[in-house]
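Mind having a look at this structure? Questions to follow.
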Amino acid sequence: MDKIVANLAEAVAVVEDGATVMIGGFGGAGAPIELIHALIDRFRATGSPGRLTVINNNAGNGRIGIAAMIDEGMVAKMVCSFPRSSDPRAFTEKYLAGEIELELVPQGTLAERIRAGGAGIPAFYTPTSYGTELAAGKPVAEFEGRSYVQERWLKADVALIKAELADNHGNLTYRKAARNFSPLMAMAARTTVVQAHAIVEPGDIDPEHVVTPGIFVDHVVKVAEAAQEEALIRQGVEYA
Amino acid sequence: MKLTNAQIAWRAAQDIEDGAYVNLGIGFPEMVAQFQPSGRAAIFHTENGILNFGEAPPAGEEDWDLINAGKKAVTLKPGAAFFHHADSFAMVRGGHLDVAILGAYEVAETGDLANWSTGPKGVPAVGGAMDLVHGAKRVAVITDHVTKDGKPKLVKRCSLPLTGVGCVTRVYTSLAVIDIVNARFVLREKLPTLSLDELQALTGAELLVEGGIINLNVPEV
Amino acid sequence: MDKIVANLAEAVAVVEDGATVMIGGFGGAGAPIELIHALIDRFRATGSPGRLTVINNNAGNGRIGIAAMIDEGMVAKMVCSFPRSSDPRAFTEKYLAGEIELELVPQGTLAERIRAGGAGIPAFYTPTSYGTELAAGKPVAEFEGRSYVQERWLKADVALIKAELADNHGNLTYRKAARNFSPLMAMAARTTVVQAHAIVEPGDIDPEHVVTPGIFVDHVVKVAEAAQEEALIRQGVEYA
Amino acid sequence: MKLTNAQIAWRAAQDIEDGAYVNLGIGFPEMVAQFQPSGRAAIFHTENGILNFGEAPPAGEEDWDLINAGKKAVTLKPGAAFFHHADSFAMVRGGHLDVAILGAYEVAETGDLANWSTGPKGVPAVGGAMDLVHGAKRVAVITDHVTKDGKPKLVKRCSLPLTGVGCVTRVYTSLAVIDIVNARFVLREKLPTLSLDELQALTGAELLVEGGIINLNVPEV
């Protein structure tokens, strides 16, 4: 049992053309910048992976991370709740030009759809979006006198997430609100790739404190000095 | 004469009980946290996975892994907890929040809320708005009574894309406090400097009065 | 904000006649024996609360805990996955005599229905029980070529659970596999009552290690020397 | 001549890869854990909320908060994790387990399994059986080839209440190893002391042979 891989290039090798990729993070908290940039490096060197569907709460900020993927032309579709940010140019330009598709999902529904994908629940009912244009075309049903919208699970080929601690079984902890969508995405992807701040021995993470059990994790790469997206944005960094 | 945003936020804060679990929408509603009456402490929830966060840290001391739903840096109070997004929205959708206080483009007398989209132009973004309007035991709105060009924001039926149907129960405006009861606006409080007729003229649906109108007196804040 | 109550009697005062009560635990691990016995004491003294619907993975063991509630005649209905144990007399006798109702639910469906109750999801689809007699009468639907059963949320008036640490906000941790259903039940009950091994100051539980955030908890009572159901069974203890 | 339960468990254990995530049904299937080939370590899951548990502790050293689904005391291996029941069954139902190995009253050639109820008498109890048959990448059964009174347990259609439909892909019996392919039994291995005709006579549905039958040789264990 050893899920540790040697470097970022190896970690992102699993992403194929046309793949659906869940990327952890809410704004900059939890954004796996190094994994994303390794994927961009691969695309620049080989032209692959392209035509990606990316699932994230947002749609990138500035000229780094997911925004840089979009700039690079790797992303065919975004599934997100809030495609705005302090500097949303990358997505906005492509979207208004009709060069990128958008599936807009309420944030709680996005989280629950991802969890459902990981938990083997193909569909569920939620009050969220009932009677709004985001429910258009979706089945509705009444339970105990209240109306609900049927939502479907979301799964992915690959999840790219950022953790605080990892062991070689893939047990993970997160840092503060950088947790957000990552534990759910780890469940919902066929292959989950993690960049961890530190790799520790099995047993060093108290079994009571494991947030993502290793069963949901496939590959772990150590990135000790990970960048924080928000900090990069404020420094004006561009990944170009 | 009308209330400032801070004064509207102050008024909304007076209705939050000690120990209440509260979600404040991003932007203007965040101000409500500043005006908790002394002796009361609400527990603030942010949908990106924190309960019991506190004020912003001093500039330069931000930890960008410790942010609220508006992506602003926050701090923790003792007794805080982190959790993932599915648990966070279980709190929202599952009826565990006591109050959600949100902004609005329009509120209809039916309790319908429009606060996420001004129409088909540009890039649509919804965030957690459609989730927050469902589940909190009380969904309140704070808003200017009219739009920047003077049109009513309290209307018979919303003209903008809906965030939720029949979800709002109280509106705190720059001029009044209005409850929504049985799909009608019921006026509870208004600025004493404004007549009922004047207020009605600025409102897009009929204001009912039940058992008296309280003067809306708010201190300078 | 202070959810601490002085004693067990006060803690269980919230349970009313005819209530639906979720009780944490899987076998003896996590069984809140002291809360249960306080409820039995109240019933013996006052004749209330009776006609209870009890939701637990099992249906009691020996002559203590839930089994003692059943013996006492407080329980009208059990919702559980496995009404057997090393000494299942209490439930078996009443069940075969037609004096107690049973709703048998597959264990994973039971867990997911309770979570759904806590998460505001009125219904969901699961492959579990499709084509079996436990799916009789339930709606079925096909998603991506596979058949699923529609299951409904489970909610309760009161949850009685056992925690390891609690603070006065109601933040909780659990001990080992005593965690099981308790974090879900805390979400799904209108009022959640906790017996905690220790009560600590707010902040003493690392915010990263909180398993049940206080928003799901209403009342906490300290039971420093809690009994372990399995240990009592092996000692032959009866609560009579 | 037939394999003992321990020998059936041994044979099933040979098909579990290093690092596989495995759930063993309560009772007889738990024996499989004892026979992992050297150099391989599976990670065992128990539906009551533990990954990577190990053997029973010595008598007297049990911690009754550290038990498996059969309520037997276990120990932890380094790299273990605790989680609640919804997460545990997310692992099961969500397709995250590599193998589930279960007991059976009957297995049909369609892959249907009956292992939870012997009929309407007594107190019914299902536990996690109906969940476990869905989701694991491979659902295998270990069982005596026939019932105590000599009737086939491998049948055309189950007569007892079903646990799951079309879920079993391999059966390890006291006489043979049989795959279920396209709703037919395909014989892979049999005891060399038994002829195909003899095996067929003890089996309630036709045994297909595709590309040869391997001798089922199992050491004394």
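The letters A, B, C and D name the chains in turn, as written, and every chain counts its residues from 1.
Here is the rule we use: contacts are C-beta pairs under 8 Å (C-beta built on N, C-alpha and C of every residue); 3 or more make two chains touch, one makes a residue touch a chain.
Just so it is clear, the structure is predicted and the values come from calculations on it, not from any experiment.
Traced through touching neighbours, the fewest hops from chain B to chain D number 2.
For chain pairs C-D and B-C, the one joined by more C-beta pairs in contact is C-D. Centre-to-centre separation of chain C and chain D, using mean CA positions: 30 Å.
Centre-to-centre separation between chain A and chain D, using Cα means, comes to 36 Å. In chain B, 50, 82-83, 86, 89, 92-93, 134-135 are the positions where the chain touches two or more neighbouring chains simultaneously. Shown for chain C are the residues that touch two or more other chains, namely 112, 115, 119-121, 126-127, 174, 176, 207-208, 211.
Touching pairs of chains, sorted by label, consist of A-B, A-C, A-D, B-C, C-D. On the chain C side of its complex with chain B, the touching residues are 1, 115, 117-121, 167-169, 171, 187, 201-203, 207-208, 210, 213-216. Within the complex formed with chain D, the residues of chain C that make contact are 26-30, 57, 81-86, 88, 91-92, 95-96, 102, 104-112, 114-115, 126-134, 174-184, 211, 228-231. Across the interface of their complex, chain C is touched by residues 46-50, 63-67, 71, 82-86, 88-89, 92-93, 112, 122-131, 134-135, 161-165 of chain D. Every residue of chain A that touches chain C in the complex is listed here, in rising order: 112, 116, 119-127, 141, 143-144, 146, 148, 152, 173-174, 176, 207-209, 211.
Remark: chain D residues 18-19, 21, 41, 43, 45, 50-52, 76-83, 86-87, 89-97, 134-135 touch chain A in the complex.
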